[in-house]
Amino acid sequence: MSRKIRYGMVGGGRGAFIGAVHRIAANIDGQIELVCGAFSSSPHKSRASGKDFFLPAKRCYGTFQEMIEKEAVLPAEERMDFVSIVTPNHMHFPPAKMALENGFHVLSDKPATFDLKEAKALEKLVKKTRCLYGLTHNYTGYPLVKEARDLVAAGKLGKIRKVVVEYPQGWLATRLETTGQKQAGWRTDPKRSGAAGCIGDIGTHAENLAEYITGLKIKELAADLTAFVSGRKLDDDGNVLLRFIGGAKGVLHSSQISVGEENNLNIRVYGERGGLEWHQNEPNTMLLKWPDQPMQVYRTANG
Amino acid sequence: MSRKIRYGMVGGGRGAFIGAVHRIAANIDGQIELVCGAFSSSPHKSRASGKDFFLPAKRCYGTFQEMIEKEAVLPAEERMDFVSIVTPNHMHFPPAKMALENGFHVLSDKPATFDLKEAKALEKLVKKTRCLYGLTHNYTGYPLVKEARDLVAAGKLGKIRKVVVEYPQGWLATRLETTGQKQAGWRTDPKRSGAAGCIGDIGTHAENLAEYITGLKIKELAADLTAFVSGRKLDDDGNVLLRFIGGAKGVLHSSQISVGEENNLNIRVYGERGGLEWHQNEPNTMLLKWPDQPMQVYRTANG
Amino acid sequence: MSRKIRYGMVGGGRGAFIGAVHRIAANIDGQIELVCGAFSSSPHKSRASGKDFFLPAKRCYGTFQEMIEKEAVLPAEERMDFVSIVTPNHMHFPPAKMALENGFHVLSDKPATFDLKEAKALEKLVKKTRCLYGLTHNYTGYPLVKEARDLVAAGKLGKIRKVVVEYPQGWLATRLETTGQKQAGWRTDPKRSGAAGCIGDIGTHAENLAEYITGLKIKELAADLTAFVSGRKLDDDGNVLLRFIGGAKGVLHSSQISVGEENNLNIRVYGERGGLEWHQNEPNTMLLKWPDQPMQVYRTANG
Amino acid sequence: MSRKIRYGMVGGGRGAFIGAVHRIAANIDGQIELVCGAFSSSPHKSRASGKDFFLPAKRCYGTFQEMIEKEAVLPAEERMDFVSIVTPNHMHFPPAKMALENGFHVLSDKPATFDLKEAKALEKLVKKTRCLYGLTHNYTGYPLVKEARDLVAAGKLGKIRKVVVEYPQGWLATRLETTGQKQAGWRTDPKRSGAAGCIGDIGTHAENLAEYITGLKIKELAADLTAFVSGRKLDDDGNVLLRFIGGAKGVLHSSQISVGEENNLNIRVYGERGGLEWHQNEPNTMLLKWPDQPMQVYRTANG
């Protein structure tokens, strides 16, 4: 392609968390550019945020509806190519739906939708349009996660037998949501987060990482979800036994009450011929394990 | 006491594994001495082993029965005080029983007995005699394991919420038991090991460590045990969800097919106010975790 | 500023190493944009490289002279603001000089110049113009390196007593430069690298890191530089004793023959009241050391 | 030998530090027994200490002279075989000398003597007698240190080029010797410690470890020793450049003012074909480094 890909963002204005992460990721290789946004439900705030990104006021919209409508009628050489959605969970599906219906590709923060019904509608819609739909499980972007997947796919570990995947955090060990902390607020609120708390917020990353690296699909599971903090409506900790199609077994646990843990996503995979271990805290290092030989510390080039 | 404590050993002759571990542990502080033994079922081998420990031939017995009978009639200032049992699982209870019945204290390698029936008989017997009965879960002997227990007991971590305990090994990832390897042989044989394979051999250490450090008792569990290696009769991997009395939850998994793992017992405990982490691979280091503060690396004095 | 800063790059075309690093760094926060370049001494290659970055052919120049001359006469709202120099060492000063003389700010890869004479000329020139001159010691860009500097400056460690800084690599343990490997070629060639080999290439990063974090200046040193690989003209290993103004002492060693080390830059700083340790292999972790207290593992927010 | 080896100890009574370490080490394999001692210069204290070890009062002597004299005239089947010396530095040579002169082997804590003159006298004496003289550099006793030495000797790393050996401690970062702390007292006192402080106390362990593992001898060195703590007479920190016979180079640094370090002895050795790294904080792990391959984490059997 002889030009940069252009995108518009829904959410991610001043004070937001994940929007900035998406923008940085989009910037890194210089192939994509932000051209418009509905950064906030307040048109004024949306324009203020857009100014931070050097966008003209006319392309800083007050709602995603306005953005999609107005961008759709811009000339082809100017209008956005895809929509990036970085709002809280309950606001993922509506802009995705409208974007797809108007011929824009979609890149959405996880989860795809608020509930199963929306998910099924989304699936149907994506199949019908010719648009691309991408869901950002960001941890699969690490070079060594991709390398881990390749190692398994190439059969270096042999048939996979066991997977241990963990995602402990500690930041919700007390009832932070009552202090006005914005991130804690929507994540512990069933109306904005959905039916799941911790297991949906981060357990899904663990599940995604396990399936992504091993190429296996979970067949059955037994889960024990708990809300440890008094008064909390959604789970803040979960332990899960996993059975994969093909016979592998596993353990997944995620937590937001594991005091002192910040963002300690990690995975271990054991096959008949070898094993691997990766921690997002030290993402440029992967441990490789072999029968009757010392463990290897595999590093990316800059490590 | 103005003299060393004296003990006799059942098992642990030349070529055995755990007997030497017991002797080293007994030697370290210079308070105990080995005075006799039934080191092998062959009287000749028993004497040869005893010679390695500078024991006189007359106190190297051919059977534990002989040892207990003959020691029982020695003068008090000479005879053994207790019996150390370091045989395979099916031979734990018989010498323990006879020792207790003859007034000798017992220190037995785990498991206490081969099955539940024996265990109940042992319990009854211990209660009846005035003898002491000790079971060696060796990992609780590490200074930092004791310190971890003390930290929890002193309330430094607050009420315990979550426990993650793991014991992965990889040495049975192939069918080693068919090669004549002695340790693999009895551990995978239901007649000598009992009803459990991996979960009994090492999962019990994990369970013991979790209860020892937290002071909590397991109330309920859901386990998924697997024999991954074709033709193996006993489990070689197990994943378990734990619920403790008082509300704590946890995960325990142990494995003998986790390729590349040697003896990687480890535990993490999270309470309302703090957490801890310990790995037997680096037993002189314990990680302490606190809300909103950096993790601490706590070392024993020589570390 | 209500627009992005614009820059032109000298060097960094297809097949180059450090140019891509500079472009990524420039992209991340979305405040800067690449608008032109003399990416190669071949005008054809320069245009091909520029196309990778979506630059129009007319702003892909064949030489830095051409770039500076032509950009200087573009309208203010279009022309570059600064020049980024990412060529081998002997080509750092000439474009910097010409850029400064034509009113462009300069951001140069280290070292600033090929020799001391050039360095003094550069110093004079920078003082004379009103332009900014920046030298990229990239490792100081890590968040925790900046935090380390702040910790020392705030007196948290007390008066600094000892610094240990290391930069071991192993990639030149054999005579790679005779195989046509481009990076090894110029780095071991006195005509392109300058008077120093390893100590100039990476020892300088170690020196920079030590002075950057501690705020101290080296007063005296004793160095033992060696060319271990037979036939090599420049040092590939160096050990240095350091004395800082104010009384701190230290050790610096860097190496390109430390087999198995990739890019293991690290530093330890000890003051009267505390110490710190940082490794670029795990750049989001810093160890903090205190008297009579456990070491702390300090992590950046995502860690 | 069909009996245990018997030894007597000089020093090491209640309240002492290194004596207990020697006794534990002697106990472990059950081949040696403590039969007598001059544990303290007070006969009363000596007997009290001996009682802790179940020794009869008559073999708990008030002075090493008395011990050597009386043991020398005991019957062969009863008297000690060797003397273990665990006193402060200035009291190493006198008992060693007398023991050797009376036909007893000697195992002495390091350093062998207080000064060079004594060392030369000791050398002469050892050559004259048929007795064995052993000096305990305890760190060479670790299994992996011996394995490291074997790896180098077997040529696995190729010709050795570079050695980095460190021994940082932090316990003397303040003037602890003025508080009555016994260990700090004699170590910082030239009359009891000798001409060297830190470099003699622990730098020697680093030097010993480097020569032990590599089999190389130091030919030349340049050292920068410092007493950082005001009023201290002996060095508490030292940085040293090393040159070995045969061309290898190295760095040695030891410190007692590196705040937060407990006993962090470690070494890295790089040869033409491979490298190794060992830390006494985690003594059962050794890192092996190879060209163009991931680093290996080599563990002892229990690791």
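Note that the chains are named A, B, C and D in the order they appear, and that numbering of residues resets to 1 at the start of each chain.
Assume a residue touches a chain if its C-beta (ideal position, glycine included) is under 8 Å from a C-beta of that chain, and two chains touch if they have at least 3 such contacts.
As the structure is a prediction and not an experimental result, all values here were calculated from the model.
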Where chain C and chain D overlap in contact partners, by chain label: A, B
Self-contact between copies chain A and chain D, residue sets same or different by half: same
Chain pair with more C-beta contacts, B-C versus B-D: B-D
Longest centre-to-centre distance from chain C, chain (CA-based): B
Computed distance of Cα centres, chain D from chain B, in Å: 34
Between chain C and chain B, distance of the C-alpha-averaged centres to the nearest whole Å: 55
Residues of chain A engaged with two or more neighbouring chains: 288, 293, 295, 299
Residue ranges of chain A in contact with chain C within the complex: 2-4, 23-24, 27-30, 34, 51, 53-54, 262-263, 281-282, 284-285, 299, 301-303
Interfacial residue positions of chain C with respect to chain B in the complex: 287-288, 293-299
Footprint of chain C on chain D - complex, ascending: 157, 161-162, 164, 166, 170, 173-174, 222, 224, 226, 228, 237, 239, 241, 243, 249-251, 253, 255, 257-261, 268, 270-275, 288-291, 293, 295
